[in-house]
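Note that the chains are named A, B, C, D, E and F in the order they appear, and that numbering of residues resets to 1 at the start of each chain.
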Amino acid sequence: MPKRNIAYKPVDSLKSPRFSGVRTYMRLPHGTGLEKADVAVFGVPFDTGTSFCPGARFGPAAIRDASSILKPYCPLTDVNIVENISVLDYGDIDTVPGYMDDSFVKIEAGMVKICEAGVIPLGMGGDHSITLPLLRGLTKVHGEPVALLHFDAHSDTISDYFGRDYNHGTPFYWAIEEGLIKPEHSIQVGIRGPLYTKDALDYAKNKGLEIITGPQLHDLGLRETIKCARDRINGQPVYVSFDIDFLDAAYAPGTGTPEIGGFTTHQALQLMAGCCVGMNLKGMDLVEVMPAQDNAGITALAGASLMHIFLAQVAKGLE
Amino acid sequence: MPKRNIAYKPVDSLKSPRFSGVRTYMRLPHGTGLEKADVAVFGVPFDTGTSFCPGARFGPAAIRDASSILKPYCPLTDVNIVENISVLDYGDIDTVPGYMDDSFVKIEAGMVKICEAGVIPLGMGGDHSITLPLLRGLTKVHGEPVALLHFDAHSDTISDYFGRDYNHGTPFYWAIEEGLIKPEHSIQVGIRGPLYTKDALDYAKNKGLEIITGPQLHDLGLRETIKCARDRINGQPVYVSFDIDFLDAAYAPGTGTPEIGGFTTHQALQLMAGCCVGMNLKGMDLVEVMPAQDNAGITALAGASLMHIFLAQVAKGLE
Amino acid sequence: MPKRNIAYKPVDSLKSPRFSGVRTYMRLPHGTGLEKADVAVFGVPFDTGTSFCPGARFGPAAIRDASSILKPYCPLTDVNIVENISVLDYGDIDTVPGYMDDSFVKIEAGMVKICEAGVIPLGMGGDHSITLPLLRGLTKVHGEPVALLHFDAHSDTISDYFGRDYNHGTPFYWAIEEGLIKPEHSIQVGIRGPLYTKDALDYAKNKGLEIITGPQLHDLGLRETIKCARDRINGQPVYVSFDIDFLDAAYAPGTGTPEIGGFTTHQALQLMAGCCVGMNLKGMDLVEVMPAQDNAGITALAGASLMHIFLAQVAKGLE
Amino acid sequence: MPKRNIAYKPVDSLKSPRFSGVRTYMRLPHGTGLEKADVAVFGVPFDTGTSFCPGARFGPAAIRDASSILKPYCPLTDVNIVENISVLDYGDIDTVPGYMDDSFVKIEAGMVKICEAGVIPLGMGGDHSITLPLLRGLTKVHGEPVALLHFDAHSDTISDYFGRDYNHGTPFYWAIEEGLIKPEHSIQVGIRGPLYTKDALDYAKNKGLEIITGPQLHDLGLRETIKCARDRINGQPVYVSFDIDFLDAAYAPGTGTPEIGGFTTHQALQLMAGCCVGMNLKGMDLVEVMPAQDNAGITALAGASLMHIFLAQVAKGLE
Amino acid sequence: MPKRNIAYKPVDSLKSPRFSGVRTYMRLPHGTGLEKADVAVFGVPFDTGTSFCPGARFGPAAIRDASSILKPYCPLTDVNIVENISVLDYGDIDTVPGYMDDSFVKIEAGMVKICEAGVIPLGMGGDHSITLPLLRGLTKVHGEPVALLHFDAHSDTISDYFGRDYNHGTPFYWAIEEGLIKPEHSIQVGIRGPLYTKDALDYAKNKGLEIITGPQLHDLGLRETIKCARDRINGQPVYVSFDIDFLDAAYAPGTGTPEIGGFTTHQALQLMAGCCVGMNLKGMDLVEVMPAQDNAGITALAGASLMHIFLAQVAKGLE
Amino acid sequence: MPKRNIAYKPVDSLKSPRFSGVRTYMRLPHGTGLEKADVAVFGVPFDTGTSFCPGARFGPAAIRDASSILKPYCPLTDVNIVENISVLDYGDIDTVPGYMDDSFVKIEAGMVKICEAGVIPLGMGGDHSITLPLLRGLTKVHGEPVALLHFDAHSDTISDYFGRDYNHGTPFYWAIEEGLIKPEHSIQVGIRGPLYTKDALDYAKNKGLEIITGPQLHDLGLRETIKCARDRINGQPVYVSFDIDFLDAAYAPGTGTPEIGGFTTHQALQLMAGCCVGMNLKGMDLVEVMPAQDNAGITALAGASLMHIFLAQVAKGLE
């Protein structure tokens, strides 16, 4: 294939030190020129949906900071991102802190704008409640539900909390109810930890979602899990939602509800690379990075790096 | 005066180490038996109204932790608190994180319950938005507005933020609008830092509030400021609202919008003691302690200690 | 089996936010009513026995804080704790900081009280020296030594330190000498790191204790290790002592003598669940959580979660 | 005076939350369009000149983060910055980490570019060594030396360190030697702490610099010190160099060589406002903010706020 | 006076970077050669006497680290330390962690050894309980009690805690009872904060100690307080005991029982310099630096700097 | 073999607490008496070569602090270090912060001195740039190049950065160019993460170096990797260079360019022990420990422990 003309390129870190300059994702240009972009990286600095420890509103800034050490070529996927796709740091979608409904309207509108431009959205949370308006926006433009590839310690399929519908424990209940995802092509990976009741996961299962729990993933291993997820998605247009607490608390201390018994970054990188390669990737969010409790920025770095794998697989698809 | 029978007494820290036991304010009993209490200490772990850095929902827990080193006798006011009043740790008022309106209803209801029992409320925030429902509850029971003694770096009299009425920058706008406070007997002390516009403080002044700015307080000194505040309150039933960012950021790093150019804990203790002595104290809140950014717990300790002065002045009034 | 009447139930975290209220273990009731409890969770905030970095006296408070996000149903063991057993937060046993002997008397007396009430003790340290008086109290009531299931990086079977008998490196030397445990049914798991001498572990082995070192556990794997421990215990009444430094320093930075080359929380959860199921569990302690060096509370969370597994296996036994 | 047309305005924080968006100084536009700017804020992320604790290369990023809570109107100076001047975030000047000479060439060239455009430079360090190439660039364009208003704990007039000329302890030795400043109109304020020798300050004094030591400033008070500095500068074109360790270590822990016995942010704000009002301000740098050791960002916030005063006084001059 | 021959000199920090080498106090030689020393700096890493937050056992290491940035000439006292006296880092006195009595014997013995060599002791704590055995050792050698100059937030004259005589709240009760100090020439400065009872300070006062409380010091100012202390000491051989919590919690967060409403490092430096000049200085301890809660090492730096003033005044006496 | 006479022995930590005394590596004697040493531990506190986050100049101090809990007998290698070899803490090699070339001269000279004394060098970084002058010094004395066993996340074989030859990304490019190592007997293990270009590793491979990437190591497992490395080295005199970022960021947060997807300390210990046993060990460096971002000292502890394995294998070779 002839080399495409790539509009947006990052600063060269062999010439300009990586700690220099205004911080954008991976030192890419910042702007709103969607027309020249293949992928738009954007933040949704919103944590009003947090049930325990807030602060994910500072997630996008932390991920941008950490991403400055990322380089263009990804060995895991054998692709040079910036030679194959044009990626833009689109800035943040403004929200209304303290107000769920107002914010959801704004987040959905922002997502619609990106998708309407034919650009693949790559969002940085914020808490997990943002995935609901993001999926609303995505499916509104695409006209049909998507397969969901969901990495998380928690299923987030509770119907309500404290008597209200929306918070970061409920997005996938509502995504199913609103027909935003295709349960039969969707899968949740890594779910673990104590639950409110024995049947807490029944809703999701009854609706047709597949769940690979944390202990199951520990038993199955990477290869089997990847195969399982790929079979499930089966080539459908797919949206990836990655809650950073999929990682073990030792690897991702900077999150609002850390969970032990989880996974390493090695495992997460392999799963992302293996599940996404060759897929019809429609978008991704990376949520729940909360820098106030992070340690040496390792959680933000993990988040930035997992987004990097997504970019690499999009790039590979366009190679 | 014959010694009153004091129902609630703290654990004796010369016998039981101060780091021992379930944490309540000042190691006082925890329960809901308002009928035997003169003052009820309670938490409002709510930070949905935060415009910048959230986490004040963990304020009550942090203040309780820090308060375990407080002792009964207060030299500044020359009174032994626990020999003169019965203080109960009433626990926390539950809120609905992420939902302002639902939470305000619950906070007001909780306040009403305490006030109806004839008990003096001493609340731990939480962000400053909670003062509005607390004042609603207080005045509902008392049947009339109160004088306000307000220590803060910010006036919090903006009418709206992001297109919505309630957050931690607006409580006193609405308290004035709803007739919860008597502006002519109210005073704001310590207001400082850049403003949105030159006339940002005009609303409050036009409504009759007195404002002693930070620089003015630095010039006037403690004695003059105390005199000024006492003249203003003039014996009216008074409610104290203490935002911990009245303190300089070096003294109170653990808060959501730290402000430099502020005051020392020595100054704050003297002001609280000097302004409150002999006053008709109807209640107090101590807000905006955010432990995620605190340093060695010094912000929480300052908060706990300023509440201690309030208790001492209540105790002195009953001596 | 007909449902038992459960006296103590935690606050419902779907109704009351998990960051709300005075902090008890798992949001359970706090009190001294042992007669209605199956298990009593209690703290022993004592670190006078620490040879390197002190601060474990704040362990119980940190574990209580972290435990507020634990939910009732444990998938690893397939049991709902709070529907099957009544668990009480019994508060802390007061000690005399700086005085080993005085403190040991108090800790033993506190343990006797719990055991005499027929309640299973679940203690939170505190440094590991507390296990000696806890075992003294337990065996005094039960009238015979117990099997010991001991997870740790260190064998803690040195006879003396700095010329004195008791500190956190010696409890199991004295437990053996005093006949508090049955060496032939006891096992130490995870012992690793440099030693004072090559024969540092000989005392324990000569007395009949089995030791699975860290490297051996890495080689054996979880299944074999569990089998080995169960064979060893062989149905005897068993006491579990879990030193949090069994976990690798990356998973448990908040401890006084962190040790590298250790284990993940996934491994620890599986080992606890696998070794304890169906056993005659007489009590447990979880020691050496030291929050001053913890990171995002992950060490305290690990400790709280491992206690949760113990509760689950007790509950399963009574199902 | 008719309102000028202001090209660059910050985002409105009453509409867009202050934690939203790519981080620039005070949420101002980022770009290189000097022709529409009155002042260019820029970073010099360089700490190769540090003799003790490095990390000031992350100072510009930290100051940008902290500055997002600054508002347009400055009460201390009674001026609305953004209504009176056009301020641009010009990004960072790239340097060559590890190489003093190469970096000095780049820093000087960057400064020349800004000054040649007729724009007032407002630089964020970096360590204090950067002031030498900044002064070289400034005077190259202006054609003559400037008066120096220097706030610092250290005089930085040592001739060499470890056998080499340039590091952050030597810039003013070389500025004098190279004729970049007018000693007779220059003043150093706040110098304190132990020295290498009794006559360590003699070079500066012999060259005609005035030094108000820390203890002298504590004695003189703000008003006298301001008068003294203004007399000294006497209307000459002046460059302000503010080392954040002028502040006491409690107010500025985030710096490479913190010094106790220093000053509060209240004092610093008053001094900056009082010394700069009505002066012929040619430029400023704010150096030595080192976020790795900062506490809740208070050092970066102090730095951002002191730059704000400079902007305000520039704005006032153009009102 | 002819220059004395100074045996021990620090490394030259203009030649060898201050972060280089094994850490001793002020980069002085480490050894046991007391015969060539005028002053011996030594650590007492002991915190078994701590009633709240332990960790002062790491105080000496933290002070040594911080002291590497101290330079030889002290402007406040106008003396070059290393040109006038020979100072040795004598290392630490070993103690028995967890055992008060054993440790006191060792500390006293270590102190006797230093004093018998005719060397002035300058000890680094450790918690304040160490001052009792240090005074025992000092007076044993000197043959008579000393005047005490005591800076602290707490009087430490309680007779017992938790039923035992010795901990860090009781050293001066026992120093008086054992006749180690001359109360009529002794003074406590800075005492503040809540007390157990109104008459908590009566014991000390009845024994003839003078107490300048924190609020009194705030009122009197530095000059009056210095005069008062000097009158009190009146030329008697004097021992200085400086508890770092004399400083406000914002200036000294790294301590076991931080206290608000306290003093700045500027005030502390002036008081130390003013009280000690020309006095018959017999020794000093600087206690309660606890690095686990310190912030950027500012507490340790303050401690190291206050010791520096003591050295300077000793040097001045020998000039 | 008859026991050798060991000149240098560490303090006995069962008699003197491990937190006591001036900090040297493993509590060994500090001095320059190379003639009685088998191995010299020394620091190179230099981070001028850092391309991202500086602070490794404090690495030696941090490793010394952490090493105080290491004991003499190493179970992994079954050898008692201090009974078999004499190890000296030789202090630090002074450098010229901010000047690469000057520093390289000093580092090389220091290395020559150690090697000429026939002592095995064990260096603590500092950033990875120091390995170049260390190898220069080593080969100058030994007269021929060495095999290289290199653990790292990064290959560090870039030819230049920012237009200059030397920084911490280039040492092995120059080591190959200068003929300091034998590529055909050298191996790099653990290389991972994004690269500047697809062929970034080609230079090293073309020169004959073997590279086992991170993912390859994850696949191969420990046994195969050890075999591969041993085959490669094949008995040649070998120098070990261990960059702490070989470890995953969760295990080594305290480093300048943390990398996720890496290895555990268990894996690192096994690899070091397995690769080094029986080898002709000529020296080692452990680099890139940066305490400012470390967490509870776990990175420094890992570094100290990996050095301990090296010492053990040297000791075993002399047993």
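Rule of thumb we're sticking to: a residue touches a chain if its C-beta (ideal position, glycine included) is under 8 Å from a C-beta of that chain, and two chains touch if they have at least 3 such contacts.
Note that the structure is a prediction, hence the values are computed from the model and not measured.
When the C-beta contacts at A-B and at A-F are tallied, the pair with the greater total is A-F. Note: the chain lying farthest from chain A is E, by mean C-alpha position.
On a Cα centroid basis, the chain most remote from chain F in this structure is B.
Centre-to-centre separation between chain D and chain E, using Cα means, comes to 38 Å. Chain B and chain C have Cα centroids separated by 40 Å.
Along chain B, residues 15, 17, 19, 51, 53, 57-58, 96-97, 162-163, 248, 250, 293, 295 each make contact with two or more other chains. Interchain contacts (touch definition given at top) occur between A-B, A-C, A-D, A-F, B-C, B-D, B-E, C-E, C-F, D-E, D-F, E-F.
Touching chain F in their complex are the following residues of chain C: 51-53, 158, 161-163, 192-198, 200, 213-215, 218, 248-250, 253-254, 257-258, 260-262, 293-295.
The touching residues of chain A, counted against chain F in their complex, run 13-15, 17-19, 69-76, 78, 80, 248, 250-251, 264-266, 269-270, 295-298, 301-302, 305, 308. The part of chain D that touches chain A in the complex is made up of residues 15-17, 19-24, 30, 43, 45, 57-58, 61, 64-65, 89, 91-92, 94-97.
Looking at the complex, you find that chain A touches chain B at residues 47-51, 53-55, 57-58, 96-100, 102, 162-164, 166-167, 292-293.
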